[in-house]
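What follows is a set of structures for review.
Two complexes follow with subunit A in common, the first pairing it with subunit B and the second with subunit C.
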Partner chain A sequence: MANYISITESEKKQMLDAVGVSEIEELFGGIPEKVTLKAPLAIPHGLPEQKVFAKMSAMAAKNKVYRSIFRGGGAYRHYIPAVVDSICSKEEFVTAYTPYQPEISQGVLQAIFEYQSMICRLTDMDVSNASVYDGATAAAEAVAMCKTPRKNKALLSSALNPQIIETVKTYCFGSDTPYEILPHTDGKTNVDFSDSDASCIIISQPNFYGVIEDVEKICENAHGKGIKVIVCCNPISLALLKTPGECGADIAVGDAQPLGIPLSFGGPYLGFMACKTELTRKLPGRIVGQTTDTRGNRAFVLTLQAREQHIRREKASSNICSNQALCALRAGVYLSAMGSRGLERAASHCAAKAHYMAAELCKIKGVSLAYKNEFFNEFLTICPKPEAALSALDDAGILGGLVVDGKVLWCVTEQNSIDEIDEAVGIVREVCGK
Partner chain B sequence: MSIKFTKTHEWVKFTDDNTAYIGITDYAQSELGDVVYIRLPEAGETLTTGQPFTDIESVKAVSEIFSPVDGVVSESNELLDAAPELINEAPYDTWIIKAENINKTAEFLTEEEYNEIIKG
Partner chain C sequence: MTTIFERDNGAENEYLGECEVSYKLDNKYCRDKKLKLPGVSEGELCRHYTQLADNTYGVNNGFYPLGSCTMKYNPKINEKVAALEGFSDIHPLQPKSTTSGAAEAINLLSKYLCEILGMDSVTLQPAAGAHGEFLGLLLMKAYHADRNDAKRNKIIVPDSAHGTNPASAVMTGFEIVNIPSAKDGMTDIDKLKEAVGEDTAGLMLTNPNTLGLFDKNILKITDIVHKAGGLTYCDGANQNAIMGVARPGDMGFDIVHVNLHKTFSTPHGGGGPGSGPVGCKSFLSKYLPEGECSIGRVKAFYGNFLVAVKALCYITSLGCDGLLSASQIAVLNANYVMSKLSGLFETVGDGYCMHEFVITLEKLKSETGINALSFAKALLDEGIHPPTMYFPLIVPEALMIEPTETESKKRLDDAIEIFKDLYNRAKAGEDMHNAPKRTYVSRVNEVAAARNPIVKA
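Up next, the complex of A and B:
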């Protein structure tokens, strides 16, 4: 931290003199005697750097690090270009927090503005916020956006990631919002809007089982009934699939972890939220806007702040008033580094390799796709001995798929080589094919 | 069409016994400052006397607007979506909602009584 220079003893004295006290302790004089510490905290003394390094390395060595990963289910291992770490570790950016005296930090605001612009382009939506905690929070916040005094019921696809369903249910419980879980057939959400009085429907694209939903058709039918459509999407898949905007969705949300954010044992991740212009006033969280300053230069501001909790208080429909600035920066740098063609190529690799692995797995006796519908980079297979197969893979340093209702949900990204896939399929064949 | 006022700074103009236009007073708009947004209720929303039916956002604050009647929203002033500043420019010519099926009202004030109140 080159910008941190501690004060000297004489500077300290000068400051104490200025406020008229002789010791720093006097500044805490207002704290009642009975709650002040009588002895120093019982914590160990500092250690030399070398010892700290050895201790931390020993702790890190306890982690099981797989050489190859075939598990997704909400978090995805993608290649992260070196420039992402390089830019995001610049000290001017290293804060996970959104600035509270924002306009003085033009660089941070511009970074957020660029992130918002890229999310809009990726989803084909009009407005993006500065991000929220994670994909599940984004989904729950989107449901809250659709509530009106007359309609508040939410329709939830059962093919959403279970963590999203749990988070939406928690929000609904807190805000007395009724919801209904829609069943799925062959991995696709069953939608019947006839006599539905819902405010919104929330679906995932691709869904938890990897299946590609008929988002366009769902939007058409939902809008006919005045129901808003929220699509939770995997941002990498948007390079290949029709975007939420193209399909006519009202709100696009998702976890932007695949965009340059490492798996890191589950977080911190990044929730993105983007919507059509009509819903701008209902979009929670911070929004950075572009304007011109008094000299006519391009400048950035936090805009539409009256939507936010610190202004609206108890009338706010959301209590989010921050964002994941550092993770959003990573997503922004990742997208700039990849470019639209790079992202499309990464997405094509994911889809092609996943389809290769699915075809290879299905050659094994007893293994077949659980659903016949089209998928992107995840697919669910019926597998005779799921636990045994995963444990054999684990022994070989390979993290296999996720067991879902006795079936296995596999995920393949551009990070998995054909050799790795062949090796993993070979191990599954050894266990299941006999 | 005579105009009636409420203590909570709304005005009401009845077109017949149970239909009326509702807006906010000149004093209310001047206290709020520049209005930047108002949520327009949907037709069919229920109105309860003394309960908020929408909120209005100015550069200074977000405030609630209270219903002066029991009834149902029949229409919102769509012009306000694009031009909320009409409330500042012509508060008494800019209605926010039209209410119908009115069967109960707040205790109304005359213009003179209202002016007394805001003089404080």
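Up next, the complex of A and C:
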């Protein structure tokens, strides 16, 4: 049995003596007898590490690890350079607390500052925070940033990831914020602001169906009505696609899981949030700023804390305290390792291979693209026998696309080789094409 | 230190190779502005981050008595298990039939947490403690709404609460009723009685509280709130004091969150990821994200799954007896340090503390001008991470000390000597306003940072 306790039995006695009690139980005398447990917890006895590892490994072995994945929908398998794991397992980074004491936390503070800088460069925005829980909560927090005393309604594209829509709705229930779901046509959000009293609109770029939205036009129209635009983006796509900044968006959010974070059954992931300067003081969460120490040396520190719960309590911009700092570190290391050219290459792989796979699939009788609009690396197909096709792929160790309303949403990344794509298409052809 | 951008020499690492096929997106979709990520070789990258790690203080660097944060040792086996491909490389949307191991981990951890907390159901969706509070308050909101009890819009919060409590209540549309603590640090029963009424949605209470004291009136407190028609929420940040000793569910709490990154040994990662599972009594279970009258999801997928795996690994390692020992030794260590320091420093509360205690430096400040901030900064020069400063708000010049069970007696004795030594030096007139002096940077100008924010390179 492990307990990670460093006190020996004889030391325990000395310490009890020093405190002035004979039994450790006496220290718990302040707990009323009525609420004191009378029996041990109904949890098995502890195990030595070897047995724990065997038990946990057996559990892990019950999960199927696919050799090839063509499914995205908010979680993406990209290549993670070995250096990312190596750097991010340094125990100073892993075990430190939030850097409240800047004098002994310059490393983690600078790493977050660099992460913020890279997020700003990717999104072409002015200010990034140090992270929030995930892309869905980032979108929900962004809605709160846009509320004013006069306007609070949120417009949600129906082409957002359903996980994001559901999360935003829950936050709206909490804050009594009205919302409206906007329909989509041919995979693109249908936007009509003509008599809208909304405070903001959330759209996704590319959207849930992989389609590239007309973000620039939406921003133009929305701003004409005083509506702020929140764009949820796939960070890998930002190496190629027009940035939220270039399109005129007010807030860019998203899940940075594709940037060096493994699939992990959905978490921990990394919510990023970046905005225009004028919204800085509404941004939730930690922000690291650059300053100097008393000797005039450059130093980094948590800043603009007058937004935060530990200072402002009920007047804070959000309740967030813990964030996803270690995941932000991963994203920072990933982006630094890949560099501009590497990230552009990853994005090009994604787009090129996805279009290749789409073209190959569409050669199969009965298979066609559900939408004719341009896409990035996910696309929706009409497929005659979706369940049978996916089941055949599964038998071959391949996780096929996601079934959405009877159609199949495919995702291709640089991890999928042309051979793998050909193999998967061949299996779909076997099932559907005859 | 040099930033990664200042190290950029245009070096390009090659991880992917050429793509066998090509596709050109129409220019109208493409970014015009050139992307400017750092260009550094992998070797330089490693040295950069090694230098950053060297200037980061982790749990294994030394004593870390950061009150309320439970900075215990983070076992290595947890990390090894969470990195297993069967956990780390599975897709959240792959068929349920292919993730029975993940379901087993989630169900087993939920079951253990129910037992530890005395609750009927647990959700692992919240990503942190504050996220759990948000979810817990949504349960209250849904419960009252379901009963058409729309007038219940107030949450009672004691003035000793974590800042997240009132912030979470506002995010869920509630108004805050602050109640002062009694002189002994406990909930003021009379003030609570005055505060409750037909508009009470619920009470949020940390127990053991932020002074490190177990509220002896807890049953009376939860009863008062229930009688008024409100619900009771336990901020379980201090669960490390009472595992196997007492359970929030038995104290009359309806809802509780715990921080896996505190009590259950998962690392803090320089700020996260954490995990804040929420437990509730059966009459509220249907409102959980997974329930039939769900409040909805608060996050994509299943929460911070790998953090949950680490916590499960920890509970499996310790078992019922190990959890109890952890709490017992955490409380012993805190009382040991408190007993050694109480001669010099004024502590809050009489009698024993739980897993942490609060000292006030008000007297030292009035005598020497050295306040809690300067004292904390002086500790940095001695290689100790300072305690939590200026919290709880009800104690002036507060330092909140939580040693945790994983510290050795030698570490505690060394730390005690350092506290005493600094105290004596302050009394002898040493000026600590310029501390720290031996750290990588000296005291950092926070005011300038906020006045003229530079938040990116």
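Here is the rule we use: the second predicted complex is superposed on the first by the 368 of 434 C-alpha atoms of A that agree within 3 Å, B and C clash if a C-alpha of one lies under 4 Å from a C-alpha of the other, contacts with A are read in each partner's own complex, and residues count from 1 in each chain.
Note that a residue touches a chain if its C-beta (ideal position, glycine included) is under 8 Å from a C-beta of that chain, and two chains touch if they have at least 3 such contacts.
This one's a predicted model, so the numbers in the text were calculated from it and none came from an experiment.
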Just subunit B (first), just subunit C (second), both, or neither: which does A:56 touch? second
Which holds for A:15: it touches subunit B only (first), subunit C only (second), both, or neither? second
Once the structures are superposed on A, label A:311 by its partner contacts, choosing first (subunit B), second (subunit C), both or neither. both
Check the contacts made with subunit A and report whether subunit B or subunit C touches more of its residues. C
Which partner does A:148 contact after superposing on A: first (subunit B), second (subunit C), both, neither? first
Using the touch definition from the top, say if A:342 reaches subunit B (first), subunit C (second), both or neither. second
Which parts of subunit A are in contact with subunit B and also with subunit C? 306, 311-313, 315
Can you list the residues on subunit A that touch subunit B in the complex? 148-150, 281, 306, 311-313, 315
In the complex of these two chains, what residues of subunit B are touching subunit A? 36-37, 39, 41-42, 44-45, 55, 57, 59, 61-62, 64
